[in-house]
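Both complexes below contain chain A, partnered by chain B and then by chain C.
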Partner chain A sequence: MKQNRLLNIILMIYVLCIFAFIFAPILFSLVFSFNSQRFPTIPLGNFTTEWYAKIFADPDVWLAARNSLIVSVSTALLATFLGFCTAYSDFRYNFRFKGPYLALILLPPTIPLIIMALAMLAWLSRLGLSGQLWSIILAHSVLTAPFAMAIIRLRLNQMDPDLEAAAWNLGSSEWQAMRHIIIPFCAPAIVSGLCLTAAVSFDEFAISWFVSGLNKTVPVIILEIVQGNIDPQVNAIGTFVFLTSMTLVILAQVFFISRQVKSHS
Partner chain B sequence: MTEPLVTFRNVKKHFGDFVAVREMDLDIHTGEFLAIMGSSGCGKTTTLRMLAGLEAPTSGEIRIGGDLMNDVKPHERDTPLVWQSLALFPFLSARENVEFGLKMRGVDKDERKRRALEWLDRMEIGEFADRNITTLSGGQKQRVALARSLVMEPQMLLLDEPLSALDANLVIRMQAVLTRLQKELGITFVYVTHSQSEAFAMADRVVIMSQGEIAQVGSPKDIYRSPANRFVAEFVGRNNILGGTVISQSSETVSVSTTSGDFTAVAPADQRTTGSDLTFSVSADLVSVSIDQPDALNKVQCNVISEEFIGSVVTLFLESADGHEFKVQMQERDLIELDLRSGSQIWLSWLPENAHVLDGD
Partner chain C sequence: MKRKFDLYAMTWRLPIIFWQALFFVGPLLFMIAISFFVVKNYRMTEAFEFVNWQKMLTRNYFWDSYGYTIFIAGISTIVAMVLAFPASFALAFRASDNLRRWAIFLLIIPFFTSYLVRTFSWYVILAESGVVNAMLGYVGLGPFKMLNTHFGTVVGYLTLTLPLVVILQTVTMANVDKTLIEAARNLGCKPLATIWRVVLPLSKTGLIVAALFCFILSFGDFVAPFYLGGSQEPTLPILILDTTKSGQQWPRAAVVAIMMMATLFTIAFAAIALAYRKGGAR
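Entry: the complex of A and B
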């Protein structure tokens, strides 16, 4: 028992350290985004919203925000659609080479982003598709579809396999069963997939930077600001990006986990 | 006799190398309560799924009302199924579940609401109409599932072990509900079960299946008293099964020499050939027990091994000198009078006409 307790304490400290390492920089960035001093030093200066005012006055930032919004929303829709289709094909059908099929679908997030980005650039420019906003959308959809698929697949696995056949048995065509049974059943996972893929796309830098051409997204403009000069604007914009992604991820959790708890009770 | 509602002709169903149903011929009549019974993997559920169109037969013909149904899609049929898992839609209320089939058929909103509520009332769960399905008890869900199928006003209702998830007293109550409904509606029920008590309690006719084949079709009484073959005799109820060689014959009976002794049985003419093998069964409730050697044609001395008490009726398990197992069913109060204990020696006896000759294996 005593050993167990010691172990628990060690594990607790370990977890706290992880959280500290992840969140401390973000927290500092948040604090300094409201700091009047130009350089991030302690003691802090006065409280100010100057940096926020500055970035919101910058048309480039607005353009990047607009681009990011278009990209992440389109990516979310496309990737979740693809994810749903693959998850459903896995649920519904048994076929040869299903293992390799699933492995292939889950592959993109395992490829280092920089390599993926270079490959995407090479491929898209060969097809004459690079440098467009929807080049980023295509590349991001490939990257994020597996996340949507994983979530929706998990949900489908909780479904009584007789449910769809029961709908047919009561006079639904296959499309009607899809519309009235499968999609409503998967709705929490679909919403959560939309949030998660939007969040990943919104944050993603490497691919966006390679394939975007002149259409900069928010992470790309952050790098430009950092490269130009050290300016607390970066802290402000970083805080903004962090809050957006965090909100999306938390929403994804809320939609999915709350449903899971409900269906288990 | 009128045309059967459903006919199976030479129906086979293979899943890869696995043969689920082989060479099935079966007629199902309008208005009958038919139970299909067998152990798991015998093909009973596959048969039901073929009726619902969820599986297509590999070969042969299935007709409903004279129409060839082999390739008719499930949603184009009028064969609602009550699922073993119930398969209620978890994100819908009880009423929305019942309305589902009507909605798919394009029945307008008010009409389908009226009919759904009517059926929920009829199933005595009207008060739960707007409750989420996940908050209902097992018995209530069962009734929603029934209402969901019956609201379609089908000619035939398919039921796949619908009571297997309920506890014993609820099963008895639902059996009464089902038999009453079937009589009131006058529609055909096809009921798949592994439970003999469910099949015998409700069905007009019982189909016994084994390894993809029909072993016997008949009324519960026929099957219980006159099992067609060894499989049915072993599967159904408590039967003592004895096999041996015919050593002599008379006008109606044969004498059979078995390892447990020589016995006399009433046998049909074609089974009364001296020298041939013959197997017969004696129902456990038709065997008499006595302490002293009885003056009977068929008797055997046995040791008591154990007893199984299930209320007023007791089953005694015994063993003859050659190690053959015998079963006797008797009233509990009669057993008390005999004052038996494990190892006691007693005599069993039965009348030649109570020995039922089985078809060859």
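Entry: the complex of A and C
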């Protein structure tokens, strides 16, 4: 028994090491963003907000932030709409070719981003749609819709299918049932889907880099700065990127979990 | 059976079909098409020629790169699976439900959080005079060259894949029927043998899926081999990047992309067949 206890402690220390490896880059990025050294190392240099001052004074960064905001909000709305439609179709109907239909929406995230980026670039330039901000939005909506679909579908799993039928029996139309039963029931999952798709879109750099032309988003700016040399500005921008996407992912999870707790009660 | 057009049903079913046809299937099919196009005077012209295929597939650098990409992604998959296993095992069997839920909650966050910035952060940490070498210096070791090596590339891949692998392994093993493990122990099976003969076979499907996702992500990533691996030995994604961005040779990049897709499909099918194969006669 004593040996077992020791083993447990060793295993838990190991788990902590794995977590340390996973979270180290996030933590160091935050620390380095306030560090005066150009080539950060330990012992740390002095505390400084120089890098933040630099990025706040840079109009390119502001422009990229604006672009990123537009792209991720639009992508989230579009992808969550598509994801909702598909999740509901899957929940409510059986139809021919449903397998391929579901495969069609779930496949995009499994395809390497660099390949999606190349294919999107070629296709969108052919259609005359490349080099615009909404080129990124089109591509990101395809990439992120599956996440929204999965979240909303899981929520629908918890709904009693008779609920909708009951509404029809009581005289509501299908559209009214959608409006008063399905959508309110899915609301937390919809919010969760919005947050998660926004986060994925906000962080995506390969497709954005290929199809955006001159309309750079924040990750594309980072990619370009990083190609030059070590520049601690990246840590300052990175800290904002982490804050934004971590907040979104945490919100997505909180909404996702809170509804589970509720439905169990 | 009514055959009438059902407006309500179609309102929900059709948008995604339309959208994915236009912006998912369309691009991928078009990519196959352009692999037969030719580039003249820096402009892509429609054609049906095999010149790009011939040019790429007869070059040694393509096959070197192909072999290297499979090698390094494979190594990184093995490393990720092995490193993650004890942690996942602990979370699945030795942690309370609550602790496990928290761990997964925390692991989901980095998986969806700016991989690019995390990689750059490793670049600084692993540098010649970076944090790791400074710490090793205190105990009289190093400095080690970690950037521009296989090690750097693998660290980058792990940054991307380790959270996902731990999540998938943990969830899979947490679903293993605990009574079977107790039964094995009661019948006198040693702990390690229990893992080998009970836990692993029962969680085979999930573990293979975890390895598959890990391989797909590593195989398709260009950031880690580019920034941390130094790209002297270009992986296929770097080849696509270079061919597209600097050479304007989209058709040749398409050839590389199609070869990657074919490889991934083959590996995915093999893995899934393996995952769902019935256990052999014992």
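As a convention for this text, the second predicted complex is superposed on the first by the 250 of 265 C-alpha atoms of A that agree within 3 Å, B and C clash if a C-alpha of one lies under 4 Å from a C-alpha of the other, contacts with A are read in each partner's own complex, and residues count from 1 in each chain.
The rule is simple: a contact is a pair of C-beta atoms (placed from the backbone, for glycine too) under 8 Å apart; a residue touches a chain by one contact, two chains touch by 3 or more.
Because the structure is a prediction, the values reported are computed rather than measured.
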item: Clash or fit (per the criteria above) of chain B with chain C on chain A; value: fit
item: Partner chain in contact with A:Phe185 - chain B first, chain C second, else both or neither; value: first
item: Which partner, chain B or chain C, touches more chain A residues; value: C
item: Chain A-centred angle between chain C and chain B, computed on Cα centres after superposition, in steps of 10 °; value: 100
item: Which of chain B and chain C A:Gln176 touches, first, second, both or neither; value: first
item: First (chain B), second (chain C), both or neither touched by A:Ala165; value: first
item: Touching partner for A:Met12 - first (chain B), second (chain C), both, neither; value: second
item: First, second, both or neither for A:Pro112, with chain B first and chain C second; value: second
item: Touched partner set for A:Ala76, first chain B, second chain C, both or neither; value: neither
item: Gap in Å between nearest CA atoms once chain C and chain B share a frame through chain A; value: 8
item: Chain A positions touched by chain B in one structure and by chain C in the second; value: none
item: Residue ranges of chain B touching chain A (in the complex, touch as defined); value: 52, 54, 73-75, 79-81, 83-85, 87, 89-91, 100-101, 103-105, 134, 148-149, 152
item: Complex interface listing, chain A residues touching chain C; value: 8, 11-12, 14-15, 18-19, 21-26, 28-29, 32, 39-43, 81-82, 85-86, 88-89, 92-93, 95, 101, 104-105, 107-108, 110-116, 118-124, 126, 138-139, 141-142, 145, 174-175, 196, 199-200, 203, 205-206, 210, 219, 222-223, 226, 230, 234-235, 237-238, 241-242, 245-246, 249-250, 253, 257
item: Residues of chain C that touch chain A when the two form their complex; value: 8-9, 11-13, 15-17, 19-20, 23-28, 30-31, 34, 83-84, 86-87, 89-91, 94-95, 103, 105-110, 112-125, 127, 129-131, 133-135, 158-159, 162-163, 166, 213, 216, 219-222, 227, 237, 240-241, 244, 250, 253-254, 257, 260-261, 264
item: Complex contact set, residues of chain A against chain B; value: 160, 162-163, 165-173, 176, 180-181, 184-185, 187, 262-263, 265
